[in-house]
Amino acid sequence: MRPRHVVVRDIRRTTADLLDALAASGVAATHEAQGRAGLLATDIRPIQTDAVVAGSAVTVLSHPGDNLMVHAAVEVCRPGDVLVVALTAPSTDGMIGDLLATSLRAHGVVGIVTEAGIRDTTTLRAMDFPVWARAVSAQGTVKATPGSVNVPVVCAGQLIEPGDAVVADADGVVRVPRLAVAEVVDAVRERLASEERKRAQLAAGTLGVDMYGLRPLLADLGVVYVDVDADR
Amino acid sequence: MRPRHVVVRDIRRTTADLLDALAASGVAATHEAQGRAGLLATDIRPIQTDAVVAGSAVTVLSHPGDNLMVHAAVEVCRPGDVLVVALTAPSTDGMIGDLLATSLRAHGVVGIVTEAGIRDTTTLRAMDFPVWARAVSAQGTVKATPGSVNVPVVCAGQLIEPGDAVVADADGVVRVPRLAVAEVVDAVRERLASEERKRAQLAAGTLGVDMYGLRPLLADLGVVYVDVDADR
Amino acid sequence: MRPRHVVVRDIRRTTADLLDALAASGVAATHEAQGRAGLLATDIRPIQTDAVVAGSAVTVLSHPGDNLMVHAAVEVCRPGDVLVVALTAPSTDGMIGDLLATSLRAHGVVGIVTEAGIRDTTTLRAMDFPVWARAVSAQGTVKATPGSVNVPVVCAGQLIEPGDAVVADADGVVRVPRLAVAEVVDAVRERLASEERKRAQLAAGTLGVDMYGLRPLLADLGVVYVDVDADR
Amino acid sequence: MRPRHVVVRDIRRTTADLLDALAASGVAATHEAQGRAGLLATDIRPIQTDAVVAGSAVTVLSHPGDNLMVHAAVEVCRPGDVLVVALTAPSTDGMIGDLLATSLRAHGVVGIVTEAGIRDTTTLRAMDFPVWARAVSAQGTVKATPGSVNVPVVCAGQLIEPGDAVVADADGVVRVPRLAVAEVVDAVRERLASEERKRAQLAAGTLGVDMYGLRPLLADLGVVYVDVDADR
Amino acid sequence: MRPRHVVVRDIRRTTADLLDALAASGVAATHEAQGRAGLLATDIRPIQTDAVVAGSAVTVLSHPGDNLMVHAAVEVCRPGDVLVVALTAPSTDGMIGDLLATSLRAHGVVGIVTEAGIRDTTTLRAMDFPVWARAVSAQGTVKATPGSVNVPVVCAGQLIEPGDAVVADADGVVRVPRLAVAEVVDAVRERLASEERKRAQLAAGTLGVDMYGLRPLLADLGVVYVDVDADR
Amino acid sequence: MRPRHVVVRDIRRTTADLLDALAASGVAATHEAQGRAGLLATDIRPIQTDAVVAGSAVTVLSHPGDNLMVHAAVEVCRPGDVLVVALTAPSTDGMIGDLLATSLRAHGVVGIVTEAGIRDTTTLRAMDFPVWARAVSAQGTVKATPGSVNVPVVCAGQLIEPGDAVVADADGVVRVPRLAVAEVVDAVRERLASEERKRAQLAAGTLGVDMYGLRPLLADLGVVYVDVDADR
């Protein structure tokens, strides 16, 4: 059995080219392409407008109101990683501020996803350091309680394993299991190409009910077209 | 009785000049001018900063997690319409994304109001396509369940009938019944003129308690002025 | 005993130099420097991006949905004040709009903090008049019910007394008791200087676990470092 | 046009035999039988255990924190009515307590449904007077602001017209339009008879997948049965 | 200045006869009698049905997820006290369970009010030990962080000072300042006597609009009585 | 890779004697004994008072508003199982009612845990069939969308694998991984024995600060005892 509190130094990561492809695709398309799985709870919101990141997850399981293990995690981060911070009990305390963000950036971390709160948000925006969090809170934390780094965690309702791809943009955050990334990238590319064609058609005025062939379905489902509402 | 699932093609709309007048007045003044009625729940929030729209409502009553009827609605939209999407059960799924928005825009729709979620928000902002929604969520939807278009719906706590004026800005969303719009426009114009005069007075330092003649009321209500707090 | 409804005209205020120092320090550092006390509930959010204010509190205790006492408060406001509006029962109604903001600004008020709602937010942003509120709501209010001005209030979970320093920025709102401000300013300056040194070290790649000397603590707490996860 | 504030004395009601049939059927079956329409928001909860009522709606549209119009409504209530109290803005104040309940009961009202709060809940339970409300709150109200009685209202997300049938039990509250009640009663009886037969089968161990003939659907949808999970 | 972390041993308490009078009156009447002040947030709910307690507040200001100071508080409790536990940051962790409750009861404490969570609720109900809390949570706590006992705290939005009367029942929790209790008890007795007379009248069918003389007010406010709704 | 939608027929279960031991220990002690891990979100609440169950998890991953896979799950349930229903997107619809409960009971299921809603709650209580759910809602569901049975799911924030022990009582729901159950049972027995001894001491008036030896810690942390509050 794994020791109760552990920092795992070496993890297998998602490769940079695949992460770039996911970042270019965005959260909604990626989520769709992997069968609508892996979306974090929608109350995890960005503190900035329209940033997008994709990185390998370095996971932290932390006591609420305590950022000791976030400090411990910095050492095992590598360029291109996204730090994912999960809690053992709910809390909105601002676990990470500009000092920790400075340290994380110095070690190559490209963004933070957390089910806790975040603080120093003006500075973080000025630094162009993207964060997705459950709350903004000036409430700082102690450094006193053990936890783990790079173990599987549940963050905002989704299982995230170290090295998994995490994609985050204005629409939220999605996890792609490391071993599924290549397959998902293929699927999302196909999807985006198809969407591009559809977008052109729709922009030209084609109706979705025609483009997707939905008229028979509507008829089957008993949807009736009338010119004016007889009830009014 | 109306068929259970129906798409009503022709509705009576609010005229463009009245809609322009409402858009120029904004939500707070319009809401006030019609006797503080018709305001949608305040958790329906814009995804963009400081846009304002006023349009005739094309209403959709949809199953949660299913955007079939939104597709069916496009065909009956006309330039200047606002699409209003209500649900038969609560859901935050992102029912509308950039493809549907492209289609709606191609048919003249000027904005979306929904008690469901929205996705592809970065693209929607880039398109300058304004949306008011309950949540942002990358969770897409199926096209499988019947519903209705252009029937009366309750959206975010307000009854909205097809063709009603819907005004939306940074303060929220308000509905004006179609037959009341002319009267409300008159009232809101009067109100705004009066507010303009008051604003000038207040900016010059006149106190509201004097301008509104509130001092006798305060005295009647037993409000006592003291120089320093005897209790401290 | 204080009369039930009272407007206190003269209060002792925090001095401008101390307020400037707090504004320069921001909410997170100030909150930390006074022992992590005084933070208002995190659902009190700014309607603008990255503004910061610090002012002496003029407090209002108001009936929900009624802004009579806000009007009564304007007269006792002085340049540099922050208006703090607490309620006797929960409400998200938009108690303050651009007219009242114009009046407050004419009397020198630099910002508003309220556990109620706010309206006319587009205009308030255009005026550069910063507001922290629980909700945005176009729902206006009446002027009918008595309350008090410049009595101690509990706003968003924190006791605020008239003349206390209130600091608000993108991270939230914190209260510093008037008599503690000088001491807190000293503490926050010390803290910020120390943070500056730490930021430089962290930016250069030094690990927090080394800079803060956390490795013995981690060992004591039973945190084990492993190269790869034996469980996977 | 209807006067802005009106008390309508005479309304058409749902007949007692139909109400009895709905009460015997309960909320879930009634909601199902009318096509899954009319369910109030699920945060409207009973203050008692397992009571069920069905009555004709006497509707009240009230200012938040003000029960003047509830008093005005008593006079027009008749034995078998359910009082439905909607608000013009959100509030959890306890609008109705044991005095008003005593008065309502004296005039034959069999229950209360409200999107506001309720107080004196211990006494109400001791009186066996059933209430469904959004909150329990000791916060009392004033009697100062006009509103209406027996006009169409939106309560907890549903349009309710005077005289409509309102059914409430441990599962929530559902509205049946007055003119649809007879048809819904027929449908719900049929449904309950069918459910009785199904219950017997299921209790005997028959599987729902067999009873409902779902196995071909599962196969069509690509659901695969395996003996053990190959992934583990 | 008070030390940062302090346990105050001796506090002035509310006398038992006054507490008995408040318990007999209940929360709603007490809240009303003191001018609708002092009501804790309505999400503080009882874990039992229809218990009522009134006691002198022993206050605890605690770190979230840490019950060290609750243990420290037991020693200063006296028979008839109510333990009031406030937090320095939000948390729903179950700070108190059956062991602590056993200890508190052994020292005479008659109930607990907390803005944190509670656990072992089945046992607490079996012990007839009443608790009002924000959440039920099995999540236990550590004993590691300092705090204070018997200092003024803000709990669930209300300032509570040591020795204040705290009344809690099915309707919620209200605080009465120690020095105001006698006056409030007089007021609440008067109120209850008056309510008793009114209840008898209302039970006999007298209308509130007549008993309270509201008909002229309704007319002044423009409320119009009609026999049938002209709009329908 | 596992097929996208799968029903796994045979799972390894937790043995009955271990489940009995967990049921006897309850959620709070079990959660504590396994290092405060595995607690489901605290908004998953029981619909009955003070029931307790422990069973092997049969897991269902379901589309919101669709109970097809719950029907598919019945066949693979065995006596002593707890059905755990997770969703692919948030929904409060009442996915399970008395018919399905009848079917589940006929196949030996002892309780339901779900992050969706539940309906027919009066009947379920009358059947003594315990349920823990996020909401009560009469909103029924369709049988149309594929999902999986007996795959790992995240339910209310916790990973649950088929065959894991799930313990639920008035304090909430906790998961114990199947392979850890024996160890946790040993730990919880030890814990409960120790708690029994402590309870006796505390009931006799011994202070927790003495029994746990906390006085030196309080002194180290700078907690000062004073007889009366110097600040007041």
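As written, the chains take the letters A, B, C, D, E and F, and residue 1 is the first residue of each chain.
By our rule, contacts are C-beta pairs under 8 Å (C-beta built on N, C-alpha and C of every residue); 3 or more make two chains touch, one makes a residue touch a chain.
No experiment lies behind these values; they were computed from the predicted model shown.
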{"item": "Chain F and chain E - chains in contact with each", "value": "A, D"}
{"item": "Interchain centroid distance [CA atoms averaged], chain B/chain F, Å", "value": "42"}
{"item": "Distance between the centres, which are taken as Cα means, of chain F and chain A, whole angstrom", "value": "27"}
{"item": "Of all residues in chain D, the ones touching two or more other chains", "value": "4, 36, 39, 42, 89-90, 92, 137, 139, 144-145"}
{"item": "Pairs of chains, among all present, that meet the touch criterion", "value": "A-B, A-C, A-E, A-F, B-C, B-D, B-F, C-D, C-E, D-E, D-F, E-F"}
{"item": "Touching residues (chain side chain E, partner chain C) in the complex", "value": "4, 35-37, 39, 41-42, 88-90, 152, 154, 157-159"}
{"item": "Sites on chain D touched by chain E in the complex", "value": "1-11, 68-69, 71-72, 74-75, 92, 94, 97-100, 102-103, 105-107, 117, 119-122, 125, 135-140, 143-148, 150-151, 161-162"}
{"item": "Touch list for chain E against partner chain A, complex", "value": "63-65, 89-93, 137, 139, 142, 144-145"}
{"item": "Touching residues (chain side chain D, partner chain F) in the complex", "value": "26-28, 31-32, 36, 39, 42, 45, 50, 52, 169-172, 174, 195, 198-199, 202-209, 212, 214, 217-218, 221-232"}
